[in-house]
Amino acid sequence: MIELILVFSAAIFGIGVYGALSQQSFVMIMMGLELMINATVLAIVVFWWGTTGGDPRGQLLVVVVLAVMAIEAAMGFALVTAVYRARKADITEKLKRLRN
Amino acid sequence: MNPVVSVLFVGGVLGIGAYVVAVLDRAFGPVSRGPRDWFVWPIRRAAFLAVQRRTETERPDAEAWILAPALLAALAAAGLTAVPVTPSLAVADVSAGVVLFGAAMIIVMVAVFLQGWSPNSLFPLIGAYRFAAMALSFGIPFSLVVLTTAIPAESLSVGAIVASQEGLWNVVRQPLGLPVYLVTGAAVAFWGPFRIPEGTDLAGGAVLEASGSARAVWRIARAGVLVTLSVMGAAIFLGGHLGPVLPGWAWTALKTLVLLAVFVWSGHAFARMRVERFVWFGWVVLLPVALVDVFASGILAL
Amino acid sequence: MGLRGWLGRLAVGVEVPVFPVVGGGAREAIQDLRLRPELELVDSPRHAAVMLVVGAFPPGDVDGLAQVHDQLAPPRRTVRWGGEPVASLPDAVVVDGGEDAVVAAITETFAELMSDPDRGEPPILPDVDPVEWRGVGPYGQGGMGMTGGTPYGRPMAERGPARDGLELDRVPITIGPWLPTLPPGLRLDVVFQGDVLQEVEVGPAPIVPGEGSDLFVRALTEPVPIAEMELARARHHLRLLAEILRVEDLAVASRRALRLVHGIRPGATGEVERLAAALVRAGLYALALRGVGRLDRPPPGPAARATGVAVDARSDDPEYRKLGFEPVTVEGGDAAARVRLLLAETVQALELAAKAGPARAGGRGVVEAPRGRLEVGEPPPERTLLDLAPEVLVGQEWGDAVTIIHTLDLDVEAAGREIPV
Amino acid sequence: MSVLGVTAIVVFGVASVVTGWLVFRTDSMVRAAYWLMASFVGVGAMLVTLDSQFLGLILILMMAGEMTIMAIFMVMYMMNPAGLNPMVMVHQHRTAIAAGVGSFLLLATVALVADFPADPAPAGADPTAELGFELLGRSMLVFESAGVALLAVMIGAVAVAGKWGRFGDADAGSVEPPLDPEEAAS
Amino acid sequence: MGGLGAALVVLLAAGLAALVARWLSSVLEPTTLTVPERVPFTGGMPPQVHAWNRFHIRYYVMALLFLAFDMEMVFMYPWAVVFVEEGIVALVEMLMFILILVVGMVYTWRERGFQWA
């Protein structure tokens, strides 16, 4: 059972890695990151459920990961807004071109 | 409970509830053709909408448009499952019932956003974005006042919350809770002064492009959300099935009816709020009031 | 028959969903129809079964009428009430006569439609794409690249500057002239960015002024009874109030205001005052109007008196001075102040009408009409207000813009009238 | 775990993987955001099946709000947000696929090969209450620092994203990039 | 699972019922719409461009604030469950936590985050 769920988790994580690396748009990159966090949450809970005897710190870890996700999203959107306002850029390539 | 029985039970409650909403809406509404008309009108109206043909726009997000009313109806039903109607009769009186209800009511935001987004038409689109602004403003206070009722119960299960009101109802113990719940609840169902996404200024807003059965389903689903909110409000603030003499289900029905009447009456009693004002109101008024409610109730519960 | 026939029979008896298309001279007639329990005047053609065309239109094709007709969800019928038949609508049921006649015609048409959907009208416009797009682009969707071409027959919006520095899409769009939310015939060519108006232009109105004897125009050249003028003012104000309440989603109070129009009597101010108190309780000012559309220097008239400036042509009139007339003013200058002024002036008008008796005023070449100062040789106050619209509406959220349009009492029909010299 | 439970896990697991994949296969930004939400809902349902009702439901509750915000921001900043013209907006595609497949294979192998101690969570306990005691007890510091972190994020986000700042308008002095990439390079 | 399984069944059934009801009018009277019948309604004149656009929301600052407050809810639920047992400690700790977040809310308010940008 644990193995099966971890394989699902790995699959979601893999898709997240693909998304974060392949997408050009800032927000789509964030979607990749969120998928990776999604997989992490799943993995933590399955470990909590199957291997730790129900240690509440497992749950706490999930909550912390969720907090990280909220922080990532809020700062991500704020930065996207600031970058768009300053540079009218919405994809990473545009930023690279502007470096010099 | 047996799945088939659960489905029939929830369907029955929502169906009857939606009919009651329509009758009450007629009774409080501007058009008056006598009490007999209150009871006939909803049926005639539904028949007309069934006959009227569905229209589509030229390049809609067709799947999302089909899904949105179904999602709204599903959420109303899912929210309802968490509430015990009598001490023994609950579809899913789960240990995190309050969270189940909260999640269902927050996802209403997704249903309305999709409904407004999918026709690819300007006014529905504005309606969708208005509802997003609304939902982001009332979401936190709404969840907070619902959560506060769990403090005396020491459990997130709605059954336990009802049981904890044996001596004193939460409406007395947490006087700020019910008013905030009614205001934010009306906003969840975009009803009354919070008809912001479907206001007359948008010529119907999120449902402007919907006709025929699509519009009927949307209307019924929205009434269903209102019913779910009333049943839940009756359970967590008015003691649910608790009460002397009458059987439990009768008390639930009675209290639900009272809350439904308040909701529907407010729909005709107040002007539509400006969306910008609602955002300010949600964060600067409702949120602090809800937080005060949490801590005041907490101190009282100690 | 089957299920369809059975449902159709059941549906007869529901109030008929009517989409009103209002031409010249029909504003009041259509407003009075809102009091009829047999009809429901809806805001979107998608919700209607019958399209009711009222009033005077220019000869030939009328902009957008055929388009609105086709947007009604089938089965649909058209009813033309009074006036010449409209060229764009060939199939209409034509009614002449009063309100009862048109209500009877509409209910009958609706009953026919429900019993036999084949009696519905086919679309008028030809079934062809306005722009050639099919087959163009990699998937035949009509587009090229990421944002080019005309995917599915329409181009996409382009970016443009905004006040908060985010250069996002600007959506040019024509709103009206047949949007029931706006005053009849008002056509706005606007640019939206999000839900905020970036540019506003008042487009040509495809309606012609209807006939009708305007009391206030007559008062420019000859004395008319003050009581009559003041009652007309009170009626106008109450009708406007009903319209404002309707767009603010206060249908109950809106009907109440409309019923007051019909039961109006000199000196009977109690009902108006009770309505005013009810509006405060309904949260009209607190929820919907306060702080919306504040004007700095509005043209003379109610809008100016709502900023606290006592400009009123009546104060120079000896007959009015004999009655002890003092202009009513309200501080604030926003939509809330304008509505408060509306109510206060209604009360004042009813009192003046009672006091005036047979006294007559007018013939001085200038008169205070309900919408402002009417003067020989000057443009009518309606045109001044309409010219003000673009400047006031830019930067407003759409809902606020609608509130402003109604509280400023824009009327394209009256703005098109010439004042006789 | 019962047969029903295993079936549920498989159904929800497949659903969350498939919807996660669809996020990057659609051209409409709204659909992408809500596919992502569907993936989270699938994971939430799996958590519920794994005896953590509260965490599963709260994940769904949070994601509804967060993904609507995601959709709103994506529509705001993406050209052609509804996918009216089909588009491909990817770079280093092969590397990305390799990295994705690689990380999947690596993690899946670890999952299948490693030997996990079997120590299941006791049935019948109330995990929500345990989490509460944990938060208010020994992990109090985590809890309060989360509060401070969230405050920092709020202020940071508002200051960065807002138009009006303490030091003048946010876009002051910025230069619009030229349309032509050649020009930009020179 | 248990109860939530039943909730899921009810959810799916309600959604399905709504889909079937929506489908009803196409069964009663199949229609194909012409091009003009499908034009979105804005008052009579056809729209110049697609309504879908990079929609400029005016409340993005508030949306960011929501993300943080949403997280706060996650902590509140378990807190409410154990509150009575933990007593005054729980009250003080949560009060601190909330006050920290309220500072953020007030800051956003002062920075005009709740107004249309």
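First chain written, first letter: the chains are A, B, C, D and E, and each begins at residue 1.
One rule holds for everything that comes next: a contact is a pair of C-beta atoms (placed from the backbone, for glycine too) under 8 Å apart; a residue touches a chain by one contact, two chains touch by 3 or more.
None of the values given here were measured: they were computed from a predicted structure.
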Which chains contact both subunit A and subunit D? C, E
Pick the pair with more C-beta contacts: D-E or B-D? D-E
Outermost chain relative to subunit E, judged by CA means, is C
Using only protein Cα atoms, the chain sitting most centrally is E
State, to the nearest whole Å, the distance from the C-alpha centre of subunit A to the C-alpha centre of subunit E. 21
Just curious, how far off is subunit C from subunit B if you go by their C-alpha centres, in Å? 33
Subunit B and subunit E, separation of their C-alpha mean positions in angstrom: 13
Centre to centre, by mean C-alpha position, how many angstrom separate subunit C and subunit D? 48
Give me the residue numbers in subunit A that touch at least two other chains, ranges are fine. 63, 66-67, 70-71, 73-74, 77-78, 81, 84-85, 88
Can you pull out the residues of subunit C that are in contact with at least two other chains? 4, 7, 44, 46, 71, 74, 117, 151-154, 156, 159, 163-166, 168, 171, 173, 179, 194-195, 397
What residues in subunit B touch two or more of the other chains? 50-55, 58-59, 94, 96, 99-100, 117, 120, 122, 129, 132, 136, 139, 143, 154-156, 203, 208-209, 212, 276
Pairwise, the chains that touch are A-C, A-D, A-E, B-C, B-D, B-E, C-D, C-E, D-E
Okay, in this complex, where on subunit B does subunit C touch? 29-33, 40-41, 43-45, 47-48, 50-55, 58-59, 122, 126, 129-130, 193, 195-196, 199-204, 208-212, 215, 268-277
List the residues on subunit D that touch subunit C in their complex, please. 76, 79-80, 84-87, 89, 163, 169-171
Within the complex, subunit B is touched by subunit C residues 4, 7-8, 10-15, 17, 37, 40, 42-44, 46-47, 49, 71, 73-75, 114, 117, 151-154, 171, 173, 179-181, 192, 194-195, 245-252, 254-255, 282-284, 287-288, 292, 397-400, 402-403
Going by the contact rule set out above, which residues of subunit E touch subunit D in the complex? 1, 4-5, 8, 50, 52-57, 60-61, 63-68, 70-75, 77-83, 85-86, 89-90, 93, 96-97, 100-101, 103-105, 107-108, 111-113, 117
Residues on subunit D engaged by subunit A in the complex (per definition of touch): 1, 6, 9-10, 13-14, 16-17, 20-21, 23-24, 29, 32-33, 36, 39-40, 43, 46-47, 50-52, 55, 58-59, 62, 66, 69-70, 73-74, 77-79, 89-93, 95-97, 99-108, 110-112, 116-122, 125, 127, 130-131, 133-135, 139, 142, 146, 149-150, 153-154, 156-158, 160-161, 163, 170-171, 174, 176-177, 181, 184-185
